[in-house]
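Pasting the structures in now, so scroll down.
Look for chain A in each of the two complexes below; its partner is chain B in the first and chain C in the second.
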Partner chain A sequence: MNIILKIIRYQIHDISRSKWLVFYTLFFFLITYGLTSFSNDQSKVILSLLNVSLIIIPLVSIIFGTVYLYNNKDFIVLILSQPIKRSVLYLGLYLGLVIPLSFSFVIGTLVPLIILGNKIPVQFTLLIFLFAAGLSQTIIFVSISFLIATWNENRILGLGLSIFTWLVFSVLYDGLLLLIINVFQSYPLEKALIGFSIFNPVDLARIIVILKLDVAALMGYTGAVFQKFFNTNLGIIISIMCLIGWTVVPLIIGKRKFSKKDF
Partner chain B sequence: MSNRNGIKYYLKWLFCFLSTGLIKNSASLFLIIGFLLPGRVNFSKSLLVGSNQYFKTIKSALSAANNGDTILVYTGVYNEHSLLVNKAVKIIGIERPILTGENKYEIMKIKSNNVLVRGFLFKDTGLNFIYDNAAIKLDSVKYCTIEENKFTNNFFGIYLSRSSNCVVINNELEAFHTKETYSGNGIHLWQCREMIIKNNKIKGHRDGIYFEFVKKSEIESNISYSNLRYGLHFMFSDSCRYFHNYFTKNGAGVAVMFTKNVDMSNNIFEYNWGGAAYGLLLKDISDSKIVRNQFIKNTCAIYFEGCNRVTTLENNFLENGSAIRLMANSMDNLFTRNNFIGNSFDVNTNSTRSYNTFESNYWSEYKGYDLNKDGIGDIPFRPVKLFSFIIEQNRPALILMRSLFVDILNVAENIFPSLTPKTLIDSKPKMTKYL
Partner chain C sequence: MITIDNLNKWFGAFEVLKGISAEIQKGSITYLVGPNASGKTTLIKSILGLVKPTRGTIILDGEKLNGNFSYRKKIGYMPQTASFPENLTVEEIINMIKDFRETSTTYDEELIDKFSLHKEFKKRLKNLSGGTRQKVNACIAFLFNPEIMILDEPTAGLDPVSSSILKDKILSEHKNGKTIIFTSHFLSELEELAEQVIFLLEGQIRFNGTKDKLINSTDKHNLERAIASIMIEG
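== the complex of A and B ==
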């Protein structure tokens, strides 16, 4: 435990000096600041932020994670020469990246909201939802990126794979869904679609966004089915379980790979 | 003596008086006019009804009354049902007496012209599908006024049929039904002409205001909310106007059907949510106007089916699910100078062609530019997105709303339109919103 904390502390220290993290923070700061100063409706601001972060956070997390692991190969090899368990090192590296990334996202969005906060009333439930969505995306996609980086020795292939993974989750998956919807037009697809979308963390967060943002458009049978599922305890528990699954499964597989890996 | 002889006689008499110069002051002139118009002289009396008054029941007062009398009803509970008003009387409640139908009967039936009913609380007419029990029913009458009454828990509230020139004003109606089939309408008009429905509040009925075969009437400044079906249900009623009304949270919004020359202006349609709920449902409407209305947060703000030559002018569409759903059988409609702000879909249509005109509207979704600074965007706006077209044919695809993939599709379709109607464009989109 002590060793994990040490590794995490070193990591945070190291990454904090990275100019990319500063850019990342600055990006959220500017977006939030811009949106807040242009709009008077904070719920709108938060929902637009959610929309932006659903594209940006997975992309940045997955690329940053992959590149980070490749770049620190020397450091990892060095640490491995010490009497440290590999799983502990892997977990330390993971948390050491997730914590600063999450932190910069939270700081980047929260500071402008506080600065301009007295201009408009704060919507706490939406704010909490924004942070929950952002943090879960970070946790999940760093976990996936670590798996990709440990699996592939080839940097180019690894980086390509992570971009492709992002593309799958954000774009191609939805394309596939649209295809399914079109092919099986004459069947009641609502429940099946909920099943499909649960297996994509980006979609899951997006659906909860539209349930908040486009309530009026979603009225009708389709919307009612979604609403019924995502507003019940069972639906929420299943969604959270899926998000946890998306974090834990790649992490465990990655750790196993990492433990057996010949550096 | 016949009437004509009588007039001659009077005229002769008057002439004598004038010529002999006997009249010097105005008092005697009035006397003469009084004699001249014997039929017009109205010795109307007031009949008092109450527990301490001469008449104990309204029924006895009604049978004792003559045309033109006033019946003053003091406060109290009157268990009198099926009151038949067949004389031109004013029935006025003092401190809101209660008339109840004991959950079985209808309360008052008016069958005479020139009746006024004011200041009562009508409650508890029972359910009856044969007689359509109503708190007040007016049948084949003219010039009646129903004002400042309250109605609670009635099957039908005010039921007018085959009548004309009546006024329903400042009433409050409330019902507590839960099923459409077991509830009646608040203000129900059937085969009427030149009526005025003004300043009423209607809640919890099946349809707040119901118009069928009504001509040249006005619905003004009413509030119709939380009704089970429509806030206003309007059919076969040519040349009517409704304006300054507020319709909100009705089961299915407002429906206007099978009518020509309707003028709908300055109304507010708000929070009509549901799969079959419309801010304003238009079916087979022609030559009508929708002007300066507010459509706020409805599932669908206006639904056009089989509508021709309808002008939609200077309305605000704010945060609706879809602002306009335009079915393929609607033609020659004009949409101009409207604000479309923050709607999930601006225009949905099920056709690849469009014979309607969109011009000079403000669209918050518009991303064009204005290089010559004339306030009009330089590139045309296509309000129908590919995605809204997909949704129209395939509702479950709603799950992909706001996905990056859908945004990419929309951009591609916008550049090379292939599925969305090519002619459905606003060629002069306004850069800033209309105030």
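== the complex of A and C ==
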């Protein structure tokens, strides 16, 4: 346990000096600052922030994670030649990446909201949901990126797979859903749609926040069905379980691969 | 003592180690030699637990290696290429490894002094030259007074002065009773440093014995020619 904290500490030292992390923080800062300056309605600001975050966070997390593991391969070998357990190193590297990325997102978003806080009142519940959505994407996509980088020795292939995974969850999946809705429009698809949405972590986070924004009424009958499902205890439990599953399953498979791997 | 018994390693369809058996005595200094891709690094990495053998066993001081990790506190390893997180400083990296090996209390910082690394301590690793990184690498391997030193091409990339500092250090550690295993492509180092020689060729041991025995086994008069003649015979 002690060792894991040490690994995390040194990794945070390393990553927090990376210029990419500074860009990442700055990006959220500018977006939030811009959106808040233009609008007086914080629900709208948060909805826009949510849409931007749900594209950018998965992309940055999955690419940063993959590249980080490939770039530090020799260093991982050096650490593994010390008396350190492989699974401890894997979890240490994972948390050491998730923590600065999450921090970067929260700081980048929170600071402009505080600076401009006197202009519009801050809606804390909404903000917490936005952060929860962003953080869930960070922990899920870093976990997936570690699995991809551990599984593939070839970094070009690994990076390609990472970008493809992001593309599937962010773009292709929704496109496919729209296609299905269009083809089967004469059938009652609402329940099936709930099922489909649960299997995409990006959609899941989006739906939960949108329902909290009380704009679900605009989504028509489907919105009503979603509202009914996600507002029950069962719905909330199932969605949280799915988000946890999306984090833990890749992490466990990746850790197992990492423990058996040849370096 | 390290006992290697019938070690086999396949990478996909490629057999890198073909039944290696050898004993490395405590306090000996062993030179692992062989052409490129003969399995030297794979053998070293198997001892370190970095590569998982397909078949066969390695026993280190009576402890069988099977994914355990605490035995590595006895080993100092200097890998072929040195690479570190680019944004950390030399001082941080050394402190980090010290932190990971919390059991050691006395550190052997002789190499840090001799390489005058102190003046590089505040520099970030990405700003260091390849040779300086290799020096950091060497310092880390010797820092903990390990009983077993595994050095994979230790002098590659070092200038002649640093190279001789490192060789002197290796010899003095050998006198202190350390077990040393090293690889190199410079046969002059074999003349200078080694007592035992393990010659690997295409994943098999072609020769295992003392330096003198190696010279006598061929009709050549020096090591370089003796090794070259084994390589040609195949």
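In this text, the second predicted complex is superposed on the first by the 253 of 263 C-alpha atoms of A that agree within 3 Å, B and C clash if a C-alpha of one lies under 4 Å from a C-alpha of the other, contacts with A are read in each partner's own complex, and residues count from 1 in each chain.
Definition applied: contacts are C-beta pairs under 8 Å (C-beta built on N, C-alpha and C of every residue); 3 or more make two chains touch, one makes a residue touch a chain.
Everything quoted here is computed from the prediction, not taken from an experiment.
Q: Considering only touches as defined above, state whether A:260 meets chain B (first), chain C (second), both or neither.
A: A:260: touches chain C, not chain B.
Q: Of the partners chain B and chain C, which touch A:13 in the superposed model: first, second, both, neither?
A: Once the two structures are laid over each other on A, A:13 reaches chain C alone.
Q: When the two structures are overlaid on chain A, which partner does A:125 contact: first (chain B), second (chain C), both, or neither?
A: A:125: touches no partner chain.
Q: Tell me which partner A:171 touches in the superposition: chain B (first), chain C (second), both or neither.
A: It touches chain B, and chain C stays clear.
Q: Touch check for A:3: first (chain B), second (chain C), both, or neither?
A: After superposing on A, A:3 lies in contact with chain C but is clear of chain B.
Q: After overlaying the two complexes on chain A, where does the chain B footprint on chain A coincide with the chain C footprint?
A: None.
Q: Under the stated contact criterion, what part of chain A meets chain C in this complex?
A: 2-3, 6, 10-11, 13-15, 17-18, 72-75, 77-86, 259-263
Q: In the complex, go through chain B and note every residue touching chain A.
A: 273-277, 297-299, 319-322, 342, 344-345, 390, 393-406, 408
Q: Taking the touch rule as given, give the residues of chain A at its contact with chain B in the complex, in rising order.
A: Within the complex, chain A touches chain B at residues 44, 51, 55, 170-172, 174-175, 177-178, 181-182, 185, 189-190, 193-194, 197, 203, 206-207, 209-210, 213-224, 226.
Q: With touch defined as at the start, can you tell me which chain C residues reach chain A in the complex?
A: On the chain C side, the touching residues are 11, 45, 48-52, 67, 69-73, 75, 77, 79, 81-88, 92, 96-97, 99-102, 124, 137, 140.
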